[in-house]
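In what follows, structures are represented as structure tokens.
After this come two complexes, each holding subunit A, first together with subunit B and then together with subunit C.
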Partner chain A sequence: MATPVRIRRQLPFSPWLFAAPGLLVTGAFVLYPFVSTLVNSFTDRRTLLPGHFVDLANFRELLHDDMFWTGLRNSTLYILGVVPALVILPLLLALLVQKNIPGITFFRSAFYTPVVASIVVVGLIWVWLLDERGLVNSLLETVGIGRVGFLSDQWLLLLSAMAVTVWKGLGYYMIIYLAALANVPRELHEAAAVDGAGPVRRFLSVTVPAVRSTMVLVAALSSVAAFKVFSEVYLMAGPSGGPAGEDTTLVMLVQRTGTGLTGRVGYASALSVVVFVVTVALMLLVLRADRRDES
Partner chain B sequence: MSVLEKVRPEPPVTVRKEPRVTDEHGRRIHVGELVWRYLLLLVVLALTVGPFLWQLSTSLKGPTEDIYSSPPSFLPARPTLHNYTRVADTIPVWDYALNSLKVATANVVTNCVGSALAGYALARLRFRGRRVTTLAFVLAMLVPVEGIVIAQFTTMRELGLNNTLIGVVLPGAIGAMNVLLMRNAFRNLPYEIEEAAYVDGADVWQRFLRVALPSVKGTLAVVAIFAFMGAWDDFLWPLIVLSDPSKFTLTIGLNYLHGTFANDERLVAAGTVIAVAPLIALFACLQRYFFRGVGEGAVKG
Partner chain C sequence: MPISRRALAAAAVALVLPLSACGSGGDGGGSADASGKVEGDITFQTWNLRANFKSYFDGLIADFEKKYPGTHVKWIDQPAEGYPDKLSADAGGGTLPDVVNVSPDLVAPLARAGLALDLDKAAGKYKPEYLDGAWASHQVPGMSGTYAFPWYLNTGPLFYNKALFRKAGIDPDQPPKTYDELFADALQMARKSGGKVATLANVPTIEDFGRYGVTLMNKQGTAFAFNDTKGVALLTKYKELYDAKALDPQALTATPESSGKKFLTGAVAMNPGSALDLDNFKKNAPTLYRNIGITDQITSTGHVNMYVMGVMVNSRTKHTPAAVAFAHFVTDAQNQMSFAKKVAIFPSTAGSLNDPYFTKEDGTDETRVRIAAAKSLKGAVNYTPVLFSDQMKTALRNEVAKALQGKESPKQALDNAVNAANRLLQQG
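Right, the complex of A and B next:
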């Protein structure tokens, strides 16, 4: 419509006044740190020392740093362990709470509670549950299996942390799937039922294709989140990352290397650059898989 | 649902007296199916809510009660609040709660004000550089926080704001995703109302405050709730920026409590209950906004 008039009536600087606070905050505390991370990754900057340009020395050091490879391995394993569970289990859960039977809103809300709780609370709850003398081991002993050292073995620790991540994420992705399921035309299910398809068959040939794009979305969201895992492992394995640091994840390594008065900001920035690159690669990978499926 | 089905008269009541449970389409669900549905629901309920209840139960068990028994005793024999007073004696837990409340409240205010303003500018105001500004927010949304915490920390040090609550709030004070959420909300409003206000002589602030803002209350509520929850639950950033125990927020305080008194499960349990109870109460009151936020955030994120 008549836009020129509108421009004249609004003060010339007011759009910038509106946008200024947001621009200032994201500029100073997101975009500037992002650029400075890239720049710092080529320096030997420390928390209290300005640092010099060192070319690719940080990245060369990465290649020979065992802890870096441990972190990269654990963060990658985390994707493999967590993503399939978070793509499938919440979908099944959404199917379970989809029908409006009496009391279902209570169940939906209850299943969402772990999402609301802080990851610190969740982590500590499970540290106690999986403790050598905790509830899970009491139950295992009661049924005659015997106690398991969930939090003392390197691999069991990582698996337990993955289970906690899945447990906390179930409700969140359940809600996403519920919205997607609401858009699946009921006629499809009925037609399949008339054709004699059982529940499993209908799930595979009606539900899954109908929510496929949502599954891709969930895969993308959960894989990026899984690769950046920090809190669960930090709380369950401890700040040093479990026995001999073998459960350290990449972000834990960033935190450990870059903070404190002796923090190696330059090297931690190089580690962060790896986090960026893998994150972007994951997004592209999932999106490409999506496109290939479609064609 | 077709109109036909709605107008159709109710079928004559049959002799069947058993209660009819129907789904959202009015179709009857068989009793057998109902039974296994509720059974599964209860199993999942035990798995998702059970751990919280176990934590609550542990926190209420007195010093003489065996918390390691096998088979476990789910209910405290003599419930006591003793552990809660002990937490307060061990760490300044109420100060930490107050710090968390300050941080979360500030985060709500800055996010609501800042993202409404910026969102309105991006959606409704015409100015040179609008596309670049929008792009800046989209890029900021895509930057993974975990990758920039070290640089954020050095920035805070340069500003002299490390180890302050302001330093905890600032990086997330106006989330780029919230700005884009508000932008979309404003764009979805019909333009005619604002046009009418404009014709009546309302300037840009009046149009924003009186006309546009009241129409996006729902999205604003979602932004507020997720800002509160995000700040209350955050761990990595406060862990990095806060070093002085008197400035700790609840999550960092809990981590400290766990690190120092790991073997005192009753104590840690009481601490976690204190930290999680306010949010569960908030969630119980404002559920639909929590659920709405998931949908909107997922589409954007």
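Right, the complex of A and C next:
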């Protein structure tokens, strides 16, 4: 006969003991930096000098800071340029590689490769390709179009960075769509086909509604990532943020303002708070739009 | 037992508040008196030197520890990229090493935060060992004192591509010597190459304004003043070059690395550099190396620009005598000279530049560049003001770019840059 197991009475704080490691990590690396940033945003703290409470002065200053508006404009444009592409293109790609035909695994892996590649390496390769004397410009010159200032024109630079973001993100969102597509019942497609629906009609009337919630998820994830873009623009436009800083994004501005020995930590914190508020607002907006559509 | 929200909030505050004490700096630190016994463990931080000079520093440290028994030096090296950020993190966290490799613009904020030892007080007796200008390079306007030992100096010639000069109909043996000649040659190069070869790859920086003879700051060192007539004239000329593609179209976003690469590929005809670059040309661009021309930096003031490295002593070190002794040891005439023989740098110690190593020709290009640089260093100036921070550099660069693109007049752009720099200066 097995020995009976004696169960002790659960102590009231036992759940907290289990949660403590996670809470500690979250407290130290999420909660504390967040609270610290919030507090700093109301001070004139510098990297090496303690700050004084300055009320809303930092927030007032950023309203009159041209570079803040440039950053906000570019981050917003980034969302407008990148999000539609990252919602639609990976879905089409997923439909393409969903079929089980010989060699398809190679294509799936190939499309996913940019996701795992280092952004620095990817950025540098694109800089070489798009350089005034790079491969792309040499080809354009050969076909008679002439050289294009991908890396010297303010708008082309931003577009080039967007293209890199889209190219790098395609594989990631494709995998998410592949998982969603696997759950779409085959019978729905067959029934639609029997009813005479062509491939486009089946895509719009069967596939899209079936993966709608995944599209919302992709839109939310990619819009937050796009608003917080840093690496692509930093690598392609340089630390100064493109010609005259016109390609600076909000996160680049935070980095440039708040780092280094003379960094304005207080002002950079105020900028970070704005980025946080806009990011949360974006998430809420996307989720709300989704809920409204559902109802 | 249910836990109330208030209790939860209290727990969160209890968790967060102690953490908020972090990063508020050190413990108030050590003593400024360097006269005691030289002993104890100290840390020495260099700036991207381990990869190429490990054996030199290992030997240097061993010599010091032998000279001062009871001392131990721990050497750490940081990569070039992000060095100011590393220093600020260490300074904020109270973990700044005892002896730190710095440049004048890095030492200024550290001195203002009280983290750099005043060497006029702690080590003033060593001052006569160094060139006057080099010793003064780590003084901060608005503060009395000197905050780092001068270490190595560097300057470099202007390299040019003789083949491109020849193709543009410019005599490759008569490179430009004045700004007027430079601008004329650059315009001719752009015209003859159909805009495909630029002569310059970078927009003017604060040191270019200084070399052109622009007054960078007022006499009291309390405000910037590079928006004078000369400053506007230089920027107007650069605008003309930019429009003619004599200044590379990608100059607005160029970095020293990217412009160096453009020079290697023949997209740009001139580029500043140092004796170190010759090796690079030899290995990576043999055709360019065969056509390389070397000329002096162009300056309207008669003084070329020099870069100064320094060695700072952390004011909060617990072993001030050892830290000061080691910083002096690293920068003394003998050790600077032996470092200079390993790499193309120049000692900041008085009389060292008269050593035959810096005066005697041996027929090689490397020696020719070294001798010319050493000669020009005797009257060289570090044009970058100590108080000109990274944020100010960005502000100037952006305004210069606006002027070159025609979005602002050169005068307006420089006025804006000066106002932005002065605003940052006042904010401390």
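The rule is simple: the second predicted complex is superposed on the first by the 271 of 295 C-alpha atoms of A that agree within 3 Å, B and C clash if a C-alpha of one lies under 4 Å from a C-alpha of the other, contacts with A are read in each partner's own complex, and residues count from 1 in each chain.
FYI, contacts are C-beta pairs under 8 Å (C-beta built on N, C-alpha and C of every residue); 3 or more make two chains touch, one makes a residue touch a chain.
The structure displayed is predicted, hence computed values, not measured ones.
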Would you mind checking whether subunit B and subunit C clash or fit side by side on subunit A after the superposition?
clash
Could you look at A:G22 and tell me whether it touches subunit B, subunit C, both or neither (first, second, both, neither)?
first
Name the contact category of A:T142: first (subunit B only), second (subunit C only), both, or neither.
first
Considering only touches as defined above, state whether A:D44 meets subunit B (first), subunit C (second), both or neither.
second
On subunit A, which partner's contacts cover more residues, subunit B's or subunit C's?
B
Partner chain(s) touched by A:H64 [first = subunit B, second = subunit C, both, neither]
neither
Going by the contact rule set out at the top, does A:R291 touch subunit B (first), subunit C (second), both, or neither?
neither
Look at A:S272 in the shared chain and tell me whether it touches subunit B only, subunit C only, both, or neither; answer first, second, both or neither.
first
Subunit B clashes with which stretch of subunit C: 78-86, 240-248 or 384-392?
78-86
Once the two structures are superposed, pull the subunit A residues common to the subunit B and subunit C interfaces.
16, 23, 27-28, 31-32, 36, 47, 131, 133, 239, 259, 263
Interface with subunit B, subunit A side, in the complex: residues 1, 3, 6-7, 9-11, 14-19, 21-23, 25-34, 36-37, 40, 45, 47, 93, 96-97, 99-102, 104, 107, 109-114, 116-121, 124-129, 131, 133-135, 137-139, 141-142, 167, 170-172, 175-176, 179, 186, 217, 221, 224, 228, 230-231, 235, 239, 251, 254-255, 258-259, 263, 265, 268-269, 272-273, 275-276, 279
In the complex, the residues of subunit A that touch subunit C are 12-13, 16, 23-24, 27-28, 31-32, 35-36, 39, 44, 46-50, 131-133, 149, 151-152, 157, 237-245, 256-257, 259-264
Of all residues in subunit C, those that touch subunit A in their complex:
1, 3, 12, 15-16, 19-20, 24, 84-85, 87-88, 91-92, 106, 109-110, 112-113, 115, 248-250, 252-255, 258, 265, 267, 389-391, 394, 397-399, 401-402, 405, 407, 424, 427-428
Please name which positions on subunit B make contact with subunit A in the complex.
21, 23-25, 29, 34, 37-38, 40-41, 44-45, 47-49, 51-52, 54-55, 58, 68-72, 110, 113-115, 117-118, 120-122, 125-127, 130, 133, 136-137, 139-140, 143-144, 146-155, 157, 170-171, 173-174, 176, 179, 195, 198, 203-205, 208, 229, 232-236, 239-240, 250-251, 254-255, 258-259, 265, 268-269, 271-272, 275-276, 279-280, 282-284, 287, 290-291, 294-295, 298, 301
